[in-house]
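Okay, so chain A shows up in both of these, paired with chain B first and chain C after.
On to the complex of A and B.
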């Protein structure tokens, strides 16, 4: 209850500061709309169904992109942790891929994979991949070697050691990667939409900003993305609390 | 700076000031002191902005008492920053001006840069229909649901009795629709007549065009200023617009001058000078249209474009055309 109260208080303070800045700065609406104007635009976008249409598409991209990216990253992270050879072969490519600006690569990916959902999921998954793979690798490697030795002496096979010891030991660090990854998934979906899409919150941002010159509607799309990011982050934290003993 | 041109500019100034106000003489604006102003251009530094480079390098701005800083911004930011007074001048699509003004952004279109609307539908020569009605069922690539490309596409479809629902639209927000066309992902694309056809043909295909002018006339890009500046200092606006138009006239008369100025301002042009020359030649054609009018605004064309934009739902008519353009800066 106290946590909810603090969140409401924080939101109220944020809105108050926002409002004060618009009043003191005397910004025109096309530069910085006031919060009540954004709320008015949000109500209109919800009533017309525009916001929902774009939100559903982005949600689908985030969920699929995160699922594909996180799964691939966890598998790769385990492989990296358990094999020095795999790490030496793959690490340079993984790091290099992370260093390449996805914004530059995204239009090419949209052409290679077609302009549909597949390319957007791939772009989203690529953005999600790195922090989760590295967190998995670090987590697995942080397993207590004495416990690992104990299981080995008890005759546990490698797969059993991974399932019963290494993955549970890696969970705290792995969830750190998942927390970062899930917020990046939201950014990934928008980047993917900017590389080629007709619907989605990234598209709505472009339409509002460049097509309608409606700054308030752009803020509505941005706020919706923030809410999606917060919701998924909260979901990951919830799962973490369930799985990771303190 | 070429000494001969500078000398001519200096010699012409008192003559122009003394004579009846020719549209671009910056009458009454003989500079007492240099005024620093910022000009915002969209896109990126490119040969198509040659008039501004010529005006800067050949002393047209200086002769008008202006020290101009040129910056490049995304299209919607140009309009917002000019309206907010963070920059004095900008270049914007006329159709965007209609929408921005309707959305409450206080800007005015004060002079025409492109007499012809620059956007067209482009495809392989054999794939481009001559009648917009034949666009039904086609797959068309466009940057997105914004900007003059989108307005042109819907206007063309409308001219053919069609809507966006009658075609398949694929969006290329990174403006790489030529890749989609070359790749065979789309049959047609929207693009600028002075750019995309040349890039498409550089890959070995012959390009065909379906131009907007013929079916749904829309006004082309031009200079914008904020309402406040126009009201407070119309002479400054006239001086600037006059300098740009004079430089543009010089480039039209001799594109080589524009190319040299652009090459000096944009070093990357030297990497592919043939394409840059071709872009400039195609751009000059668009500037001229049926005849270079020194930046004058074609009110009839604006009225037709306003009606089209209203019919397509981009504007609601709440802001009259007179509040979108200022016809007295250049004169008829």
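On to the complex of A and C.
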């Protein structure tokens, strides 16, 4: 109850400061629209169904991209942790892929995978991959060697050691990676949409900005993205609380 | 020495010229050299020796965790394999899995062996009762005292009904009084089931209280310096230490340990190393 109260209070303070800045600065609307203007624009975008159409597409990209990216990252992270050879062979490519800006890669991936959902899921998965793979690897390597020896003394097979010991040991660190990854998934979706898409919140930002010169609508799209990010982050934290109980 | 229950399940342990070399960061280390000992089925052997003499390494070869570099280790006539169910091992630290309840920790060996949940629960409950931890089944390891945690570890080592029980200084982290209680309880548990026990310790009094035979080891590379048979009647209470025969045996073990000390005056780092 207190947490919710604090959140409402902080949101109210944020809106108040925003309002004061617009009144004091008296900026033209295309630079900084007042909060009630953005609310008006949001209401009309919701009423016309425009916002919903773009949001659903972006949501789908985020969910699929995160699911695919996180799954691949966890499997890769386990392999990296368990085999020094695999780590030596793969890690330069993984680091290089991460170091190349996703903004530069996105158009290329759009050419390879087409302009459809597939290329956007791939871009999203790619940006999600790195923090989760590294967190999984670090987490599994943090397994207590004394417990590893205990499981070996019980005759546990490698798969049993992974399931009974290594993955549970890795969970706290792994969830750190998932928290970072899920917010990156939202960024990935927008970048992917900018590389070639006709619908999505990233597209809506472009339309509002360059087509309609409607800064208030752009704020609506940005706020929606922020809410999506917050919601998924909260979901990850919720799952984390259920699974990691120490 | 006298059996109070059948020894049907116990197996003998043969260590025949066991040698163990490791390649460490500063070159090759010989942990064990030509260690020979035979522990008959149902006997209680205590191995005593200075730090770093390879006692733990020796137990790991009997548990099937390490293969000896030379010589042979046989449990019931066959080389041991980790998880073959013949050997139970309790470590110096309790090594409980922090996110599992005490019951689930004790049941872990059965889970690894593929035993179903209902049977696991029943047998783990039974094992906890045997070590006096019936009320702690639902507790997490961090809620247990050091003594309780070590009891749970003992229950886990016993749950597979092993033919050979290996104990690597299991009570060394406990205070002296708790330790005496544990020694008595271990003696009682052993007399009930009569597994073959090999226990590693630093404590001469613990050795005399528990052992049929005490094996004194030399500093690294570990080999048998002397064996002392302890043919005192059981059960052996704590007060037995005052018995002249017990005192004489303790002196014999101490002298054997002291006579190896000349070799022990080496830099500390050299003696530690391979645990």
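Note that the second predicted complex is superposed on the first by the 246 of 246 C-alpha atoms of A that agree within 3 Å, B and C clash if a C-alpha of one lies under 4 Å from a C-alpha of the other, contacts with A are read in each partner's own complex, and residues count from 1 in each chain.
Operating definition for what follows: a contact is a pair of C-beta atoms (placed from the backbone, for glycine too) under 8 Å apart; a residue touches a chain by one contact, two chains touch by 3 or more.
It should be emphasised that the depicted structure is a prediction, and the values quoted were computed from it without experimental measurement.
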Simultaneous placement of chain C and chain B on chain A, clash or fit: fit
Contacts of A:147 with chain B and chain C, given as first, second, both or neither: second
Partner chain(s) touched by A:85 [first = chain B, second = chain C, both, neither]: neither
Larger contact residue set on chain A - chain B or chain C: B
Touching partner for A:164 - first (chain B), second (chain C), both, neither: second
First (chain B), second (chain C), both or neither touched by A:4: neither
Which superposed partner A:155 touches (first chain B, second chain C, both, neither): second
Touched partner set for A:115, first chain B, second chain C, both or neither: first
First (chain B), second (chain C), both or neither touched by A:47: neither
Partner chain(s) touched by A:29 [first = chain B, second = chain C, both, neither]: first
After superposition on chain A, the shortest CA separation from chain B to chain C (Å): 50
On chain A, the residue positions that both chain B and chain C contact, one per complex: none
Footprint of chain B on chain A - complex, ascending: 28-31, 106-107, 111, 114-115, 193-198, 203, 206-207, 209-215
Residues of chain C touching chain A in the complex: 63-65, 81-85, 89, 91, 93, 95, 97-99, 108-109, 111-113
Chain C-touching residues of chain A, taken from the complex the two chains share: 146-147, 149-156, 160, 164-165, 168, 245-246
Touching residues on chain B, where the partner in the complex is chain A: 74-76, 79-80, 83-84, 96, 99-100, 103-105, 144-147, 150, 169-174, 176, 179-180, 183, 185
